[in-house]
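Order of writing sets the labels: A, B, C, D and E. Residues in every chain begin at 1.
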Amino acid sequence: MLAPIIKVDAISKSFGAFKVLDGLSMQVMPGEKLALIGPSGSGKTTILRILMTLEKIDGGHIQIDGEQLYHMERNGQLLAADERHLAKMRQKIGMVFQLFNLFPHKCVMDNVTLAPMLTKGMARGAAEKRAMELLDMVGMADKAKAMPAQLSGGQKQRVAIARALALSPKIMLFDEVTSALDPELVEEVLNVMRKLAAETDMTMLLVTHEMGFAHDFADRVLFFDRGRIVEEGKPDEIFRHPKQERTQGFLKKIIAAGHRV
Amino acid sequence: MTQWSGYLGLILQGALVTIELTLMGSVLALIMAFLAGIGRLSRFFVLRALATAYIEFFRGTSIFVQLFWVYFVLPLAGISLTPLQAGVLALGLNVGAYAAEVVRGAIQSIGREQYEACIALNLGRWQGMRHVILPQALLVMLPTFGNNAIELLKATSVVSLISLADLTFQAQVVRSQTGNTLMPFTTILVIYFVLALIISWGVRSLERRMARGLDGVRV
Amino acid sequence: MDWDWNFVREILPTLIQGVKITILATLLGSVLAAIVGLAIALARRSPNRAVSRSVGFLAEFIRGTPLLVQLYFIFYVLPDFGILLPPLVAGVIGLGLHYGTYTAEVYRAGIDNVPRGQWEAAKACNLSAGQTWTHIIIPQAIPPMIPALANYFIAMFKETPLLSAITVLELMNQAKSVANTYYRYIEPMTLVGAFFLVISLFSVVLLRWLEHRYGKIER
Amino acid sequence: ADDSKLEQLKAQGFARVAIANEPPYTAVAADGKVSGAAPDVAREIFKRLGVGDIVASISEYGAMIPGLQAGRFDVVTAGLFMKPERCAAVAYSEPVLCDAEAMLVKKGNPKGFKSYEDVAKDTSATIGAPGGGTEEKLALNAGVPRERVIVVPDGQSGLKMLQDGRIDAYSLPVLSINDLVKKANDPNLEVIAPVQGAPVYCDGAAFKKGDEALRDAYDVELAKLKKSGEFAKIIEPYGFSAAAAMSTTRDKLCAAK
Amino acid sequence: MLAPIIKVDAISKSFGAFKVLDGLSMQVMPGEKLALIGPSGSGKTTILRILMTLEKIDGGHIQIDGEQLYHMERNGQLLAADERHLAKMRQKIGMVFQLFNLFPHKCVMDNVTLAPMLTKGMARGAAEKRAMELLDMVGMADKAKAMPAQLSGGQKQRVAIARALALSPKIMLFDEVTSALDPELVEEVLNVMRKLAAETDMTMLLVTHEMGFAHDFADRVLFFDRGRIVEEGKPDEIFRHPKQERTQGFLKKIIAAGHRV
């Protein structure tokens, strides 16, 4: 049997007195496409940020690709991971943010080549060749020399995707990558992601409020509520026949607000 | 140094003068700040020009030069002020020019949407300014006003040049009468710092009181 | 007392000597303030509490007390501890330290104003701490700081007359000495004022340009 | 230009005098009370003129004459020595306090100064003097270039700068230097007094041009004081010589070149 | 026959060199509920802002309730309106903004009573009584003493609606009043607007991207494109059988992006 690429084991996380994640466990198989849905504040963003090591955890364990993420073994003991270990683990993971977070002082090409050149010591030529392929894939090859400020939101987000891909991570995390976009620009980004899902065997975790897209994209859907996974299953099961009352209520509200499922 | 305690008395007298100057200067600065700050945003060219000239002139020339001018040159034109008046005038006008820019910046920092809400609710220009814009801008100004007050406090030390017996001046007196340099200067440094701390503490608590309304229940 | 152009012509060369020293002191002071400010800003971010706290307190102290008194201190008290500085050097150190505490705030704000998302994106790109600072944070933090830094250097320029208190023969001191020699105050003091006004009007233009050029970074 | 100024002072009950911060010409006690030779004389004379008291404010030398011109003080009694240019700028009374010039140098007078000309000759020497003071002008007139005459704000600063080696000599009137040295209590200093070639100067009470009537009234009382011997009683405890002041006149001093 | 309450006659408006409105004309009958839809940048917000006198027009005429908006008649001549005339005309119009624009330093009650007290000289007692009725209508009566910062987006928007109603305008303008809200909060605001539409005979103009709501709410739908009205008609006509190609394309995109129509 194939081993899970992500193994989250009873992790918890609080901000001050507020418990955001409460003994959360989950497993993701290599190549799986996961959609994380649920009401605002339920901890979806937080779990992605934890996987990207942008937040620390308070308890529990996470294994990525067979290795501990926040811990390291030294002489049979589990110690808190140091920066070196974290840097090594981060190579396996890429993330795309809701607000793109492109580097505004660098052109599109430099945004994509910066990390490979600095962290993998890639030569400029090789890095730019690879960047061009990726920009081509997201349909942004002709804007390679543009500055981020000159791009529309949808274009920025496509560059951000290319930038994350440039490090060839095994796992990609997407946090509401379309929710800051004008409605008309959403589709161009979703198209890129569909293509990505179809063409690569990367593991992908996606937080979204676009239920329609979640349905088409995901192999499995996790429904979050108050820091726990309340229900999970195939998209059809979750969207058409939710078992939990909380899930039913959530979907009903979303539909009433005018979103298509 | 048997007389040290006596000279300390002199320095404390100087501290009183410094405090007096700071308070009166701040009041004048505050008045000028609002007049010139709002004037600069006026619809009327004359008001704008006057305010701009005042601000640029007093920010542009050094406080020393202003002080010398007020003290030595104005009397030649028939306007004679006591040293205290001259000090308050120069300090207040000088710091007021800086604070005027704070007032203007704070008013402009209030988002366009607040002005638009005023128009949509049919409030007049002055009504909107008075009830909507200024109350919000005040909170933005307050921390910088605190800094301005501390700048004013520090600037009072230059009035020693026009023989106003402030802290720095008294320290000089004590120094020449006792022949000791370290003691008077250390003492006044500490006093200045304590005064500055009092100002920033005062402004911070004022700010807290005013900000309370913005996220709390009004009672 | 009337304005005397012949007198003006006579004293102008002396005053220009002073202008040179004034400008030199400002330039050197600015360089020092830029460096001291960066050092303070970094020390205050230090994970070592003892370092960040004590540097923080020291900076607060320097900022809360008058430059004039600090100059007296550096010039007249430090020699007691075996540190003897020439007047100009003492003056530049005083300016640099004093304004360094201001520029430190500019650095701090500049760094804090880089959005958190940039730090996070850098991390997601697996950049090291050093790479994040040099490639992502500093390049974005510096340009918006430039106008604020320039502003402080102009303010420093206007405080150089204080150096006359520690015998630096800058513009104000030259003017005073001319005035004392001829017992005419209007011309030298007015010329000093005019000089400062002209320079700062120029600097206003320069500042506007800097703000336009560097003030906002497009995201 | 008439008696009205005196009447005005009588009516307000006090006269505003500018003094320096330079013992023994002026002294400020620990309680803040102003004394010293110059204010004491002025106080006595004004009392006799019917002006109850004096209100003294300490001023820099450089600020005194402009302050007088601007009407900030009624009179300057601060050891402001009579010199032709000053006589042109203010109206002096008859002489009050006389003193010769002195120089303070390091023990043993390493540079061998005896006069201001000696300072001029030694191209590495610097001399400190109060800004706008007599000594500054004497040094400049003796040929010391501007950049080697350091303007020192007050006596203690001058002393300190000399001790620290920032200047090679510090020049003030003899009595001022003696007072400084006494307070400093520093065996490494030496006083050169009087400076060769420098005249003995006398100060007088300086009035604003136009207040000559007041000045004349002041002179009358001053003359009486001198005659009765009370003058000597006031100033001699401070170290000044009454005989010196009585041996010369304003006209002589103002004419001196 | 009833006279139109809004009569827009060939107005044009440019920002710099960019022509946002280009000879636009339209008429609105009293009590009519209008939905303005169309792609981003087509000028929908601009026409509302012009009616609210937040922007000046470059050419054309507007009549509100039989009176010129931007012009006034003096001795038979049409002059540019002065501030007094504009203030008088503004009494007829209220507006609700996308970002609520509540006064953050005033509590909910004061937000609603400020304008009636200042502009109509209403006594505090009367103003508060009326405010309570309005807050009750939008379901915010229990939050009368709360500060805006303590409210959710949906609650803020309901207060903003009450505030605009407090001046009893004949015409209400709504500019994407739900687009800044979390999906779960949209419905509460739409409910208030449904109620408003049903219970009052106010004239209402609504800019929205919520096609479902536009369909239910409006008597007539205007489709904007590049500063012109490209198509108009009953909701059913526009949404089910759009005649213009531009309209069809727009609706298709919106649907693809996951919005319900």
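Quick notes
As a working rule, a residue touches a chain if its C-beta (ideal position, glycine included) is under 8 Å from a C-beta of that chain, and two chains touch if they have at least 3 such contacts.
The chain list, named the UniProt way, goes like this: A, E = Ectoine/hydroxyectoine ABC transporter ATP-binding protein EhuA; B = Ectoine/hydroxyectoine ABC transporter permease subunit EhuC; C = Ectoine/hydroxyectoine ABC transporter permease subunit EhuD.
Note that the structure is a prediction, hence the values are computed from the model and not measured.
Common partners of chain A and chain C, by the touch rule above, are absent.
Shared contact partners of chain A and chain B, listed by label: C, E. Between the chain pairs B-D and B-C, more C-beta pairs are in contact across B-C. Comparing mean CA positions across the assembly, the chain most remote from chain A is D.
For this pair, chain A with chain E, the centres built from the Cα atoms lie 39 Å apart. Remark: chain B and chain E have CA centroids separated by 46 Å (rounded to whole angstrom). Averaged C-alpha coordinates give centres for chain A and chain D that are 84 Å from one another. The distance from the centre of chain C to the centre of chain E, with each centre set as the mean of the Cα atoms, comes to 52 Å.
Within chain D, contacts with two or more other chains are made by residues 66, 69, 160.
Shared interface positions of chain B, defined as residues touching 2 or more other chains, are 72-73, 76, 181. Pairwise chain contacts in this structure: A-C, A-E, B-C, B-D, B-E, C-D. Across the interface of their complex, chain C is touched by residues 52-54, 83, 87, 90-91, 93-95, 97, 99, 101-105, 114-115, 118-119, 147-149, 163-164, 167 of chain A. Those residues of chain D whose C-beta lies close enough to touch chain C in the complex are 61-62, 65-66, 69, 85-86, 89, 131-133, 136-137, 146-147, 150-153, 157, 160-161, 163-166.
Partner chain D is touched in their complex by these residues of chain B: 3, 5-7, 9-10, 13, 71-73, 75-76, 80, 83, 161-163, 165, 169, 172-173, 175-179, 181.
By the touch criterion stated above, chain C contacts chain D in their complex at residues 1, 14, 76, 79, 84, 86-87, 164-165, 167, 169, 173, 176-177, 179-183, 185. Chain E contributes residues 39-40, 182-184, 186-187, 209-213, 253-260 to its touches with chain A in the complex.
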